[in-house]
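Pasting the structures in now, so scroll down.
One chain, subunit A, appears in both complexes that follow, with subunit B as partner in the first and subunit C in the second.
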Partner chain A sequence: MHGTTEQTGVLQRTGAGQVAEVRRRRPGRFRRQNLLWALLFIGPTAVGLAVFYIWPALRTFYFSFTTWGAFGNYEWSGLANYQELLKDSEVRTAFVNTFWFTILGLLGIPISLVLAAMLSRRGRKGVSAYRTLMFLPVVTMPAAVAIIWRWLYSGDYGIINFLLAKIGIQGTYWLSNPQTALPAVAAVGIWSTIGYNMVILMAGLQAIPGFYYEAAALDGAGPVRQFLSVTIPLLSPTLFFVTVLSVIGSLQTFDLVYVMIGRTNPALPQTRTVVYLFYQKAFIENDRGYAAAIAFALLVVIIIVTAFQFRLQRRWVHYE
Partner chain B sequence: MRNRLLALGLAIVVAAVAGCSSGTQSSSSQSSGQGEKVTLTYGIWDKNQVPAMKKIASAFTESQPNVSVSVQVTPFDSYFTKLQAAATGGQAPDVFWLNGPNFQLYASNGVLQEVKVDAANYPAPLVNLYQFNGKQYGVPKDFDTIGLWYNKKLFDAAKVDYPTADWKWADVQAAAKKLTDPDKGVFGIGAPPAGQENFYNTVFQAGGFVISPDGKRSGYDDPKTIAGLKFWTDLVQAHYSPSMQQMTDTLPLQMFEAGKLAMLYSGSWNATEFAKNTNTKNSVDVAQLPAGDKKATVIHGLGNVVFAKGPHTAEAAAFAEFLGSKQAADIQASTGTVIPAFNGTQQAWVQAFPQYHLQNFLDEVSYAVPFPISKNTAVWNGYETDELTKAWSGSESVEQAAQNLAAKMNEALAKESK
Partner chain C sequence: MSETAAALSRVKPRAGSVAAHTLLVAAALVLAGPFVWEFLTSFKSLTEVAQVPPTILPQEWLGSNYTAVFQALPFGIMFFNTTVNALARTGAQLLLCSMAAFGFARINFPGRKILFALFLSVLLVPSQLLVIPQYEIIQSLGMLNRLPALFLPGMFSAFGTFLLRQFFLSLPAELEEAARLDGANPWRIYWSIMLPLARPGLMALGILTLLWSWNDLLWPLIVTTDTRKTTLSVGLASLQGQYATNYPVLMAGSLIATLPVIIAFILMQKQVIEGIAFTGSKA
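Let's turn to the complex of A and B:
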C-alpha cells in the first residue's frame, strides 16, 4: 500500500510519457487517488458553501411560499406572499430607493478611475501614502464609518454645517431631511468603496503595455486623448467588472441606512432599501415568509440587472 | 505517507463539520446523575442589574441546596432576537425577563408556564399586564412611570414657577412658551413622537385609547386619542419644541442633559442617569404629569416568566415566585437601579436620590394606565413610528396620520387573531 503510493508519486514526477504509462496500467486507481485529493481541497469550501449559502438560499425560496408564526411554526400559503408583495407600496418605494442608491453608487466609478490613473504614475512623491489613505475606508468597519459620518452630518453640531456656515450657507439636517437623506447616505457609500474600486482599476492599468502610450504619443495624442483612446478601451474589462460588483453591492445596501438613518427618522421612508425592509419584516415584525419573498424578489432583480449588464458589455467592453 | 496526510486532512474536515453541529446541544440540562443537581438558567438584558440578580439567586439557592442558578446576560438589542430563536429550538433560559410588548406573543404561543402570584402584593396594572386569557404567566419584577422632568435653572432664569401636581395641559403650553429662547438655543419642552414617554400619556389623559380592551381595534381614529397626539404636534409647530429633524439628530434626552430643554416627559428610570451627569445632578427635578381631562400616566414593568418547555419547570417556577418575593424586592431596591414591583419596598429607591422628588412616580401609580399591548405589538409599534413621524414633521395633518395609522393597525390586529 505504502510502496505503491510513493511509486505513483515518483512516476508522476518523472515525465509525461511515464504518467501516460501509469494511466494505461492502472487508470482507475490513479484517478481515484487524484479525485480524493481534489475533494479534500475543495471539500471544506464546498461544504461551507453548501451549508451556509446554497442550503439557506433553497430554504429561503421554500419559505417564501409560507406564512410564519413567531416561534418557527409555519404553514404553506402558496403565492400569497408574492401577491401581497406586488400590491405593497412599501416594497415599491424600497425598490425605487434602492434603484437611486445604485445609480448614485455608479458615480463612484469615474471618481475611482481618475484617482487610480493619478495614483498609478510611478515616481510621484507620496503616492503610496495617498493610496493607503484612499484605501483606508475599505478596511474600516461600516458601522464605525456610519457613526462618524452621522456626527459630520449633524444639523446643529456637525462639522459640515459648521464649515458651510463659514462661507455663509445655512446647512440642513442632512440625515433627517427627506430630500437630502438618500444622497447623503449614498455619498458615504461611494466614499467607502472608492478605495476598493481604485485598487482593482490600478491593477488593470498596470496590465496595459507601455508601448500603446508611446505609439499614441508619437501620433500626437495628449494626456487626455491618451486617457480616452488608450486607457479606457483597454481598461474596459476591468471597468465592467467593477461596475457589476458596484451595482450588486448597491442593490444590497443595508448597514449604512440601518446605522445612519435608524428607526424613528422621518426620512426613513425615503431611504428604506429592500434589504432594510427585509430585515424589518423578518426580525422586527416576525413576518419571515413575507421577508423571504422580498429577498427572492431582490435576487431576481439582481439577476436581471446583471444579465442585462452582460448583454450590454458586448457594445463597450474590448477584450484584447 | 501520503495516505496519512490524507487521513489527517479528512479527520480535520470531519471534526470541523462535527464541531458545527455540536453547538446545538443543550447546555443547561444536566439533570439526573448524583443527587438530582439542577442548574437553572436565568436570562436578563441589563448588565447594571447583574449584581442584584446574582444576590437574589444566591438567596434562593440557600434554601434550595440542590439548585444553582446561572445568570445569562444578553444586550437588549439582540435579547429578543436571540430569545425567540432559543425558544423556537426549545433552548430558552428556564426563567427569563420579559417586557409588555413581547409578553402576549410568548404567552399565546405556549412558550410560558403559568405561575402563582398573589395579586395583592403588586400594583394591579402590573399584574394585569402579565395575564393572558385569564391566566397569570408572569411575576411582576419592577415598574416605571413617567414624570415631568424640568430644569430648575432655566425655570429660574425665565422666572417661571416650578411645575406642581395641579398643573394642566394649558400650564405646560404657557410655560413652554415662556421658557423658549431661540437666541440661546433653548426650547421649552422636548416633544419627540415617543409612545411610552409622551403621547400614550396624553392620549389617556384626553380620555382616548391606543388599543381596545379586547385587543381587536385601534384607538387612533378616536377624536380623543387624536387630541392626545395634537398636544405634542402643536408644541412642535409652535416651535416650543425642537423640530422633528433636530430631535432625530440629537436626542431630546441629550438636549435636556445639555441644558437646552427646560422640560421633558421621561421615565423614572432616568433618575440614575440624571444623578450621574454633573449637568443635571442638582439642577433638575421631577413633578407628576400635568392633567388633561383627567390625570394619567403609563405604567410598565418587567415580568419574570418560566419557559414551559424547559427541563426543570418545577424548580424554575419556584425561582420565579421567589423573584417576586419581598426579600428579592428588598435586594433590588437597595441597589437603587429600578423601582421594585412589590408593594411597600419602593421607599429605598426614593431615598437613593434625595435631591429629586421621586415620590411623585409612586404617587402616580394610583391613576396609572397599563402599557398598551397586543399579541404582536412590534408590528403596530412600527406603524406608529412610520405614520406619526409624518404628523410630527408636518408633512401630514395629525388627523390624517392618525386615520392612516388606525387603518394599518386594524389590519395588523386582524391578522393577529387569525
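Let's turn to the complex of A and C:
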C-alpha cells in the first residue's frame, strides 16, 4: 500500500537528477552515508531495544532451562522446568483461570459495539458527554480501579449488595467467595475496557459509507437487519482488531487480580492468573527458572491463540 | 459519521430516542458512577460508611482521610516519582521513536527490512518475558530503588516506532522535496519538516505512553521496594496492605492517584479520544 518508490528517501536529497548522477559515480560513498544517517536515527532505539527487550527475551528463554537455588545461583537443568510445568496443577489452574478471564473479557465487545452504534447515530444529543463519562475507566490506573471495586463489592457495606438487597437478592462476599471471585474480577476488567473498545469501534463506524445503508433501506431492511447485514460485516476488520487486542490483554491479566485478591484471600487459587503465578514464582519465591518457563508457556499460548484468530478471520472478517 | 447516521436516522423514527437515552444513561451511570461513589466515600468517616442503609452525601465532609493517606505513605514523593517516570518515558519515546521511525520511513540503507522485522518481533513479546533479565540489568547497574530504574527500559518502544513509521509513510514525499533541493540534510528534514507534520501521530503516542507509564504496576513493583522511590500504583497497593478495609482512606488515596490523569483527560478529551482512535486505525 505505502509506496516503496518514494522511500529511496535520502538518496534524492539533492534533487532527483543530481542524485542519480552522484550514484552513478560513487555508489559506495552514498551507501555509506545513508548507513551513517540510519545509524544516527535508528541507532539509539535499536540499542535500547536490543539491550532491554531482545537480549532479555533470549535470556529468559535460557533461564527457562535452568534451576535456581536459594541464593540466586542457577544451573542448567534441561527440560526439567517444562516437564514439571506439565504436571503442576497450580500452573494448570492458572491457565484455566486465565482462559476464563479471556472468554469473559470478550463479553465486553458486544456491549461496546451497541454503545458505539447508539452514539454514532446522527442527531444523537450529548455524544461527547456520554463518551467522556464512559471513557473515564480507561484512563484510571488499574490499581485504583481495583481498590474502588473492592469497596463496591464489599460484602458487608458494599453498595452492590445494598442495591441487590433492595430488589430482594442476597449478595455475597464477591471477592473472597471462590465461586464468584473470578467473574467479579472479570467484570471489572470488562468495565475498564468498554470505553476503549467503544472509541475504536466508533472510529470504524464513521468509515462506513452511508450508501450501504440507503441501499439496504431501499431493499426494505429494518434497523436490526441493517445492523446485522451492513454494520457488522463492514465493521468486521475493526471488530477483529478489538478482539485480538482484548484476547492478548486478557491473557496477561495481572494488575486487577494482584490488587483485588490479596495474598491471603481464600479465592486466590480460583483467580490466580498465569502472569500472577509468574510474578509470584519469579519475585516472591525467587524460582526464576521455573517462572521463565511459565512465561514462555504463556508466549506459546498467546501465539497459538492469535494465529488461530487470524485463521478464523477468513470466515468472518470482510476486507473491501 | 454523517452519511451513515443520516441513513440510520431516516430509518428509525424518533420514538427510539427515549429508549436509547435511557440505555445510554444507564451505561454511563455504571461506567462513571463508581467514581462518584469513590469521591463521596473519601469524605465520610469510617463509622458512616458502615451504616445501613448507606448515606449518599457525607453527613460531614471530612478531610481527615486525605491527611491519613499522606501520613501512611510519602504520597507527595510518589506523586513526584510517578510524574518524572511518565514524563521521562514519554519524552524519550517521542524523540527516539520518531527518529527511528523517520529512519525506517525515509532512509534507504542496506538491511533495513531485516532490522525492521526485528523491531516488529519485539512488539509480539509480552512484558513478563522480559522483566527477569531487565531486573538483573537494573540490579547490575546498581539502580534498584532509584528513579531511573522506573523509566529506563520504557524509554524505548517498538510500538511507538511502528506507529510513527506508519504515519511518516502516509505523508507524501513531495513535502520534503523543496527542502532537499535547498540542500537540507536528513536531520533538518526530520526536525523542521517531518516532526511538525507528524503532530497527530506524536500526540497519540504521547498520550498513550503517558497513560501507560502513569498507570503501570508490574515494573515499578519489581524494581522498587522503598516506598520513597516508588510510584502511586505501587503506593496504592501498599496503602491497601495497611488500610485493608478502611475504605474512606483507600478512596482518598485512589482519588489522589488518579485525579491528575482524569483532569488532564477531561481538559484534552478530544485529543485523547482521537489519539486512541488513531492508534486503532494505524496499528
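Worth pointing out:
Quick note on the criterion: the second predicted complex is superposed on the first by the 268 of 320 C-alpha atoms of A that agree within 3 Å, B and C clash if a C-alpha of one lies under 4 Å from a C-alpha of the other, contacts with A are read in each partner's own complex, and residues count from 1 in each chain.
Note that in this section contacts are C-beta pairs under 8 Å (C-beta built on N, C-alpha and C of every residue); 3 or more make two chains touch, one makes a residue touch a chain.
Owing to the predicted nature of the structure, the values given are computational and were not obtained by experimental measurement.
Subunit A is touched at more residues by one of its partners, and among subunit B and subunit C that partner is C. Within the superposed three-chain model, A:Trp55 lies in touch with subunit C and out of touch with subunit B [touch as defined at top].
Of the two partner chains, neither subunit B nor subunit C is touched by A:Pro110. Contacts of A:Leu175 after superposition on the shared chain: subunit B is touched, whereas subunit C is not. Residue contacts after overlaying the shared chain place A:Leu205 against subunit C, while subunit B stays out of touching range.
Using the contact criterion defined above for the overlaid structures, shared-chain residue A:Tyr213 touches subunit C, although it does not reach subunit B.
Shared-chain residue A:Pro44: touches subunit B and subunit C both.
In the superposed model, A:Phe283 makes contact with both subunit B and subunit C.
Contact with both subunit B and subunit C is seen for A:Ser154 once the two complexes are overlaid on the shared chain.
Applying the stated contact rule after C-alpha superposition, one finds that A:Ala70 touches subunit B and leaves subunit C untouched. Residue overlap on subunit A between the subunit B contacts of one complex and the subunit C contacts of the other covers 2, 6, 9, 37, 40, 44, 51, 154, 156-157, 262, 283. Touching subunit B in their complex are the following residues of subunit A: 1-2, 5-6, 9, 36-37, 40, 43-44, 47, 51, 69-73, 154-158, 172-173, 175-178, 262-269, 280, 283-287. Taken in their complex, subunit A has these residues touching subunit C: 2, 6-15, 31, 34-35, 37-38, 40-42, 44-46, 48-49, 51-57, 59-60, 63, 111, 115, 118-126, 128, 130-144, 147-152, 154, 156-157, 159, 162, 191, 194-196, 199-200, 202-206, 208-214, 217, 222-223, 226, 238, 241-242, 248, 251-252, 254-255, 258-259, 262, 275, 278-279, 282-283, 288, 291-292, 295-296, 298-299, 302-303. Those residues of subunit C lying in contact with subunit A across their complex are 1-12, 20-21, 23-24, 27-28, 30-32, 34-35, 37-38, 41, 49-54, 96-97, 99-100, 102-110, 112, 115, 118-119, 121-122, 124-137, 152-153, 155-158, 161, 166, 169-170, 172-173, 177, 180-181, 183-187, 189-190, 211, 214-215, 217-218, 221-222, 232-234, 236-237, 240, 244-245, 247, 250-251, 253-255, 257-258, 261-262, 265-266, 269, 272-273, 276-277, 280-281, 283. Within the complex, the subunit B residues that touch subunit A are 1-3, 6, 9-10, 13, 16-17, 20, 81, 84, 87-89, 105, 109, 111, 185, 192-193, 243-246, 248-250, 376, 378-379, 382, 385-386, 389-390, 392-393, 395.
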